[in-house]
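Down below are the structures I want you to see.
Each of the next two complexes has subunit A plus one more chain, namely subunit B in the first and subunit C in the second.
After this line comes the complex of A and B, so read on.
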């Protein structure tokens, strides 16, 4: 089924590469404007940007339109009668909805960026391995956030509310818009306690070698802890939500 | 004839307003969401200026002028010709046939499909940035400078509308929507938020001569800031936003060719 959308995938890759080129030029200009030392070198920033282009889909958190419609029109009741755990169902749906397109886009983007646009290799074999581990957790974190947003729809019906405000926060606090090390100190401290850096920044800094040894272990642990918390929160909210659920339209 | 069309358009628009206002809370939440997302984007930009000081000599309030003009222009273009943005669905489903049999211009009917009110979020955010930057810059805000900004915004709205229409026109040949056009629309916004001079020459030429983005903010803002070495002099800066209108007319022409070329998918 995914192959049916090959044209869309190609278009997605081209679009994101275009975007990457624009962002590269903007950061080139910033770096040549200032001779002071920065928390990330120019080359590190370029790598960060291109990794971001490859993994952009992880920051586009939106609830599957089919599931949202199901909750709105009440057919979610049928889902509940099925002998599957509803949370697991929604979580896996969110996961697969991200994983496949992510693979199809990220690999060509990484290859092209490495060949032509200054994406450097991970700092070491170890960093590369940990990066993959961390990126896998990013994917799970994205799925957990989406599942939580899905559950929140049980309260709001029309499909609005927090799920609309999440993207703005994710944009700035995940590192996709501006690499987190370049943000002002207070914003960095804020990002350090929230789960969103686990989507983008954590794997990238491991890749760059900014986190290594103990700090890498700590970053992974933090990422994992938030993942567990998000899943637990989603499950709890779902239990409470289904208890008070009134299906619309009988 | 023109009055009649205008009346019809306002009727379409008012229907669209009312239907969007049926879900009032939803409308407010979505507008606020638009406002915060674009607001975060500008904060991200501001953070970079805090870190680096300037970009090739341009300060944040200066860049804010470029940013504000293009954001407001784009918000207008996203609100009004929105129908062209969702046009591929009409072609794919064959519903465009119904539009063709009505005794009115297809372009007018597509234009009337939807007036996206939620773009008010981006519009206000862009305005806010524009006003903030205008206040921070130490220049005299003569009425002609303000007029030039308004003129640039209109030119920009025309240009982006042209791009949406171009994207729709391509569908007559491809049936599918072409995501690549997004590079020009959304990518164009991202690009023109900064002065074009920071980009590489090939890229700059593309956005000056092929898609004339430079004409709707780079040249006019240079004139407003009274910069030395303004390429082409004051007069050029003044008339340059006209290029946005010409671009729109060219895209509309292509659209007409497309309509003649249209064969229904029959589904």
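After this line comes the complex of A and C, so read on.
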């Protein structure tokens, strides 16, 4: 099925590499013009950016288009006549909707960036392994956020608003736009308590060795705690939402 | 033994009202006005295993709402429902595995997949054992005559073909209870007959309890021994078709074809009334308790050149229409 969208995948890879080059140039300029010492070295920033380009899809969160259509035209009624837990169903939809395209894009980008654009290897075997663990949790967090946004459709029906609001917040507070260590202090403190850094910043800093040993364990725990909270919130909201469900169109 | 028991079921929807036009839209941004619509108003009934019940009512009467509550989709405001020993919305996941639902106006099949693959997906969703699945699927394909378009994608099917597939899809997991919400809507005469015949067979041979909502009175006459009529959220009538007729009116209709046009009203004499006339065909309504059919016919034949005539029950549409208007008057 995904192979039908080969052209889209290739175009996605090319676009993200192009933007990766542009972003590395911006940070080159930034590092060259700044004389003070920075929380991340130039090389670390490069790696952070390329990892970001590879995992960009995790920050593009929007409501599940299929479910949105079903809620708008009332077919969601059929969804509820299936002997399947609705949250599990929507979570799995979100997960599969992210996982497959993420693999398709991230692997070529990582290979190309490592060969030509200065993406360095993880600092150690251990860091690499923990990175994979953390990145898997990022994927699950993204799915939980999408599921929660999708559940909000039971109130808003259209989902336009939330699909525009959330990515803006995620772009800044996940670290995808500017690595979180380079943000001003207040923004860092804000990002530290919100779940969005678990999408991008946490696995990347583990990769870079910024988090290691106890701090890596704590970061993973934080990611996991937010994941659990998001799933619980999504489930509770769904239970409430289905109680007030009105099926559109009679 | 009752399969479904419904007591005092009530469901209210809140509908946002908006004044028309630009000003109305702007006002709606600041202050919303809501209107409560009572879709179901303390409805009670029970349905036994193996029954085939017709559930009728005008648009917006609460038919679909009832079906959605009974199939675990909607949560009512108050009242009790017990179906297959479960509370549908509370035990939804377990309950819906034992029922089948068809909403005539929507599709449960995957738009871009061939029918057979849609069926396979449903097998996985309902975890139907392979052997049982094959047996059910093949029997349904045979009974509903789906063989010629099993490999066609859903979007390329005609409405009649699709509806037959929808019905098959709802039965792959051997449900004990089947809800059909307007299954014949928009179908041509032949497809309607296929669907009706199939529903009858299913009910008689497999003993599946069927609850059918429809606007098509032919469906009701062809299929249902028992009819429930709902209007404005209230259950107006529940019984056999003939009970329903008798409770609303004892009227009969007499249709007369005359050989030549003559004024007709003179013979009516207060015990029959003209309901419609078309050229030389006149249709009269009379009450057999007031005037025997034979007497009325003899009187007409004496004064008019009758070519042909027949007596019939008023069509079920007329009965239902009268039931609704009686309800409105109350």
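Following the convention adopted for this analysis, the second predicted complex is superposed on the first by the 246 of 250 C-alpha atoms of A that agree within 3 Å, B and C clash if a C-alpha of one lies under 4 Å from a C-alpha of the other, contacts with A are read in each partner's own complex, and residues count from 1 in each chain.
Note that in this section contacts are C-beta pairs under 8 Å (C-beta built on N, C-alpha and C of every residue); 3 or more make two chains touch, one makes a residue touch a chain.
Keep in mind the model is a prediction, meaning the values are calculated, not measured.
Once subunit A is used to superpose the two complexes, subunit B occupies space next to subunit C without a clash. Contact with subunit B, but none with subunit C, is seen for A:22 once the two complexes are overlaid on the shared chain.
In the superposition on chain A, A:31 makes contact with subunit B only, not with subunit C. By the touch criterion stated above, A:83 is placed in contact with subunit C alone, subunit B being left untouched. In the superposition on chain A, the chain among subunit B and subunit C reaching more residues of subunit A is B.
In the superposition on chain A, A:229 contacts neither subunit B nor subunit C. Once the two complexes are overlaid on the shared chain, A:171 sits against subunit B while remaining clear of subunit C. The angle formed at subunit A by the C-alpha centres of subunit B and subunit C is 90 degrees to the nearest 10. In the superposition on chain A, A:12 makes contact with subunit B only, while subunit C stays out of contact range. With the two structures overlaid on their shared chain A, subunit B and subunit C come no closer than 7 Å at the level of C-alpha atoms. The intersection of subunit A residues touching subunit B with those touching subunit C, taken from the two complexes, is empty.
Against subunit B, the residues of subunit A that register as touching in their complex are 7-8, 11-12, 14-15, 18-19, 21-23, 25-26, 29-34, 38, 158, 160-161, 164-165, 167-169, 171-172, 177-178, 182-184, 187. On the subunit A side of its complex with subunit C, the touching residues are 73-75, 77-78, 80-85, 242-247, 249-250. Those residues of subunit B that touch subunit A in the shared complex are 23, 25-26, 29-30, 32-33, 36-37, 39-41, 43-44, 47-48, 50-57, 176, 178-180, 182-183, 187, 190-191, 194, 198-200, 203. By the touch criterion given at the top, residues 13, 59-60, 64, 68, 71-75, 92-94, 96-97, 99, 101, 103, 105-108, 125-127 of subunit C touch subunit A in their complex.
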